[in-house]
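Dropping the structures in below, format is C-alpha cells.
In what comes next, chain A is part of two complexes: it sits with chain B in the first one and with chain C in the second one.
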Partner chain A sequence: MKCRVCRGKAVIQVRRHNANFCQEHFIDHIHRQVERTIDDFKMFGPDHRLVLGVSGGKDSLALWHILTYVGYRVDGLYLQLGIGDYSSESLTLSQQFAAERGLKLEVVDLPSDFGFAVPEAAAASRRTPCSACGLSKRYVLNREAESRGYDVLVMGHNLDDEAATLFSNVLGWNVEYLGRQRPVLPATDGGLCRKVKPLIRVAERETAAYAVLNGIDYEVEECPLAAGNTINRYKEWLNRLEEQSPGIKANFLFGFLERGSVHFSDAEDVELVSCSNCGQPTTGELCAFCRLQAVTFSRKQDL
Partner chain B sequence: MKCRVCRGKAVIQVRRHNANFCQEHFIDHIHRQVERTIDDFKMFGPDHRLVLGVSGGKDSLALWHILTYVGYRVDGLYLQLGIGDYSSESLTLSQQFAAERGLKLEVVDLPSDFGFAVPEAAAASRRTPCSACGLSKRYVLNREAESRGYDVLVMGHNLDDEAATLFSNVLGWNVEYLGRQRPVLPATDGGLCRKVKPLIRVAERETAAYAVLNGIDYEVEECPLAAGNTINRYKEWLNRLEEQSPGIKANFLFGFLERGSVHFSDAEDVELVSCSNCGQPTTGELCAFCRLQAVTFSRKQDL
Partner chain C sequence: MKVILRNPRRQVELEDVRRVADVFRHLDLVPESFLVIRNGELVTSDEEVSDDDVLEMRPVISGG
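Let's turn to the complex of A and B:
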C-alpha cells in the first residue's frame, strides 16, 4: 500500500477517494479538504472572530488543530453538560489541549450557569438524553457565541454526522429540518450567530486517524447516555452501505447539498420572534430551551 | 397468536399494523388496503377501462385477483421479455391464471414484435439487464395500453418496490425521478396513459402470503438476471431497518408522498415532444426505447 503522492509507505486507505496516504500526505489531504469546504461554502475569512464548539472528542479537537495549523485564530467554547465522569474528563482534555497550544478556551457550565444537567432534563422532559443534550448545546453555544461578540460559531460535525442526520430526516421526511440542514446557517438580527461546519468532507474514521497521527489526546469514550441512539444506528447502516459502495455516503450528503436542498428552501421559512423569557430567537412564545428548563425545575421542586 | 378481528387462530403477523390475522381477515385486510389506496389517490372508478401489467409474479397476479374480487373488470397485458425459461414459465402461469378465471390476457412479445430480447439489449447498450428491462416494460406497456384504448394502466408495484426505489432516488438525489415517483401519473395528450399503483400499501411478504392463501400459482423464481441488483440490495437494507423499527418503511414512503413529494413537483416540469421515430412521448429527439432498439440492432448486424 503506497502513498498516492510520494509512493512512500501508506498508513491509511481512503476508499471513496480511491487513495492511500502516508502520514504527511494524509494530514495534507485533510487540511485541503477542510480549506476547500471553507472556500466552497464561503464559510468565513481571516478577519472574522471565530469560536469553535469544543466537546473534547476527536472531531472538535482535530478541527481546532486543523484551523490553527492552516492559519486561523480560533477560540474554543466548552459546554459542561453534567454527565458525570464523562463530562469532567472531556473538560480536562479540552483544557489540556488549549493550554499546550496557547489557545483560549471559554467554559460554560450547564448545571451552575443554567441550573440543570442533561440527565435531569432528559428525565423531566421525557426526551431522549441526546435530544435534551442537542437542544441545550445548540441554545447555549449560540447564545454564548453571540453575547461574547464572535462573528462565527464553528462546529465539528463530520461527514458521518451530517449523513446520518440527513438519513434520519429523509426517513421521516422532516421537511423543516431538511430546509435547515446546510453547512452554513447565516446570522440573523434576532440573535442567531452565523454557524458553519467545515469538517463535513471528512469521515469519522479520518478525524480519528488525524487526531491519532497528530498526537491529540481526546476523549475516546462514547457518551454513556448515547449508547444505541438512533443517529448512531443510522451511522452503522450507512457504513455498511459504504463498505459495499465506497463514496455512497459522501454522494448522499453532497448530492443533497447540490441538488436536493434547494427544494426545501421554502420549508424553513418561519418567522422568528423573541422568547418571552430569555429573548433568544424562537418560533413560539417560549423557546424550547426555556421550556426544557422550566419542566426540569418544576420536576426538581416536586421531588 | 390470535386474529385481531375474530380472536381465532392467526396465520400471519403484520408488525407495522401491530396486528395478527386469520386467513379470512388477512384477505379482508389486504382488500381494504387496496381499496383505500384506490380511493385516497382517486386512482380510477368503475367506468374506467383498466389494464394491468402482468408479469406472472406474486404481485401482479395477487393484484389481479384482488381487483377482480372487489368488483373491477380488469384485463391483463403480458410482455414476453425473452429471458429464456423464466419468461416462458411466467407466460404459462399468467395464461393459466387468466383462463381459470375467465379473464382476458393480451400478450406482447418483445423479440417478435420489437425485434430484440432483454439480454441482447442489455449487452448492446451496456445497461444493466434491469435497466434495459425496466425501460422496455415502461415503453411497451404504456404504448400498448394507449393504443388498445385503455383508460388506466394498473401496475403491481408493492410497498417494498416503491420504498426501495425511493431510497435509491434519495441516496443519489435524482430529483427528476423524485418528482415523478407518485402513485398516480396522469394521462397526457402526447400519448402517456394514466398509470396507477394500487398495491403500495401492501408489503412484499404480504402479497406473497395473499397469493399462497388464495391458491394462486405464481412464478416463484426471481428473474435470473436480477440477482444482486441495486434495488434488491436496498430492499434488504430496508427490511433490516424494518425489523428494528416496524413501520419505518411505510412511514418513509407515505411521509414522502404526504410531505416530501410536493417539494419536487417542479423538478419534473419537462416538455414532452414526439419521438422522431415512433411518435411516443419523449424529452429528446429520439426516445430512449428507440435508442435502445437502434443500438441493439446495430450490434446484431456487427456480429
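Let's turn to the complex of A and C:
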C-alpha cells in the first residue's frame, strides 16, 4: 500500500477515508482532524485554561501529545481508581509521559481522598465495575477541574467510544442521555465545568496507531474489571459492521449530531440543584456519587 | 510464524500464511479492532509475512 499523499510506503489504512498513509502523513492527518473538531465545535481557544482527564491509556496520552504539539498548553488530571496493579501501572505511565515532556500532571486518589476504591464500590452497590468507575470519573474530574480553576475539561473519548455509547442509548431509548451526548457540554453556574471531546473524529484504532507511531508508552492491557463490558461488546459489533461498510460508525455518530440530537434536546432540560452533602450539581437531594460513597462506607462497616 | 495475542496474553503458531490479511482470516479477528506490529513497526494487511516473523496483534478496544 502507498501513502495517499507522498506515494511512500503506507503504515496504516483508513478505509472510511479511502486512504492509506505513511507515518508522517498519518500524523499530519490526525492533527488536522483534531484541529478541525476543535474549530468546528468551538471547543476552546488559546487563552483558555485546559485540563485533560488522563488515564494512562492510548486515547488520553495521544490527545495530550496532539494538543501540545499543535500549540495548546494543557495540564493533566489523573484519577487513581484503586484497581490494583492496573491502576499503579497506568499512573506510572502517565507520570512518565508528563515528566518526559515537562507537562503538569495532577493526581487525585479515590481511596485516600474519597475513602473507597472502584472494586469496593462495585461490590457494595448494584452497579457494574465500569458503571461505578464511570460515575467516579465524571464526578471527581468535574469537581477537581472546577475547584482548581480550569475553564475546560478535555476528555479523550474517541469516535468508537461515542458511537458505541450512542448505540447503547438508542437500544435502550435513554432519551435523557441522548440529549446530553454532544461533543461540547457547556459550563453551568451550578458547578459543571465545560467539557469537550476533541477526538470524536478519530477512531480507536487510529489513536492507538498514533500512540505507537509517536513512541508513546501507554497501558495496553485492558482493565481487569472490564471483562464482558457491554460497551466493549458493542464496539466489537460496530467494528464488524465497519468492515462491511467503511464509514458507518462516523455516519451513525455525525448523522445523530447533525440531524438527530436536536430531537432530544428537551430531554436534558432538567433542573440542577446542589447535592445536600457535597454541593455538586445533581437532580435529586443527594448526588449519585455521594449515594455510591454512602453505600460503600456502609458495607465496609458491616464487614 | 508466531502470533502474539493479548487479553489474555498468549502466543499461537501459524503456518502457510502469506499476508497479514490471512492472519486475520485464520484467527477470525476483525481488522478494525487491531493493530499489527512487526519488529516495533505497524504493518498493513497486504504486507507479506514469512515463517520467521513474530506478529503482535494488538487490540485497540478499551473501556472509556
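Following the convention adopted for this analysis, the second predicted complex is superposed on the first by the 303 of 303 C-alpha atoms of A that agree within 3 Å, B and C clash if a C-alpha of one lies under 4 Å from a C-alpha of the other, contacts with A are read in each partner's own complex, and residues count from 1 in each chain.
Going forward, contacts are C-beta pairs under 8 Å (C-beta built on N, C-alpha and C of every residue); 3 or more make two chains touch, one makes a residue touch a chain.
These figures come from a predicted structure and were not determined experimentally.
By the touch criterion defined above, A:V170 reaches chain B but does not reach chain C. Of the two partner chains, chain B is the only one that A:N251 touches; chain C does not reach it. Touch criterion not met for A:E100: it reaches neither chain B nor chain C. After superposition on the shared chain, chain A has more residues touched by C, the comparison being chain B against chain C. Of the two partner chains, neither chain B nor chain C is touched by A:D113.
In the superposition on chain A, A:I231 makes contact with chain C only, while chain B stays out of contact range. In the superposed pair of complexes, A:G260 makes contact with chain B only, with no contact to chain C. Of the two partner chains, chain C is the only one that A:E222 touches; chain B does not reach it.
Counting contacts by the rule stated earlier, residues 240 of chain A appear in both its interface with chain B and its interface with chain C. Interface of chain B with chain A (complex): residues 170-173, 175, 233, 237, 240-241, 244, 248, 251-252, 255-256, 258-260, 263-264, 267. Contact residues on chain C toward chain A in their complex (touch as defined above): 6-7, 30-35, 37, 41-46, 58-64.
Across the complex, chain C is touched by residues 1, 10-13, 20, 57-59, 130, 133-134, 157, 160-161, 165, 203-205, 207-209, 212-213, 220-223, 226, 229, 231-232, 235-236, 239-240, 242-243 of chain A.
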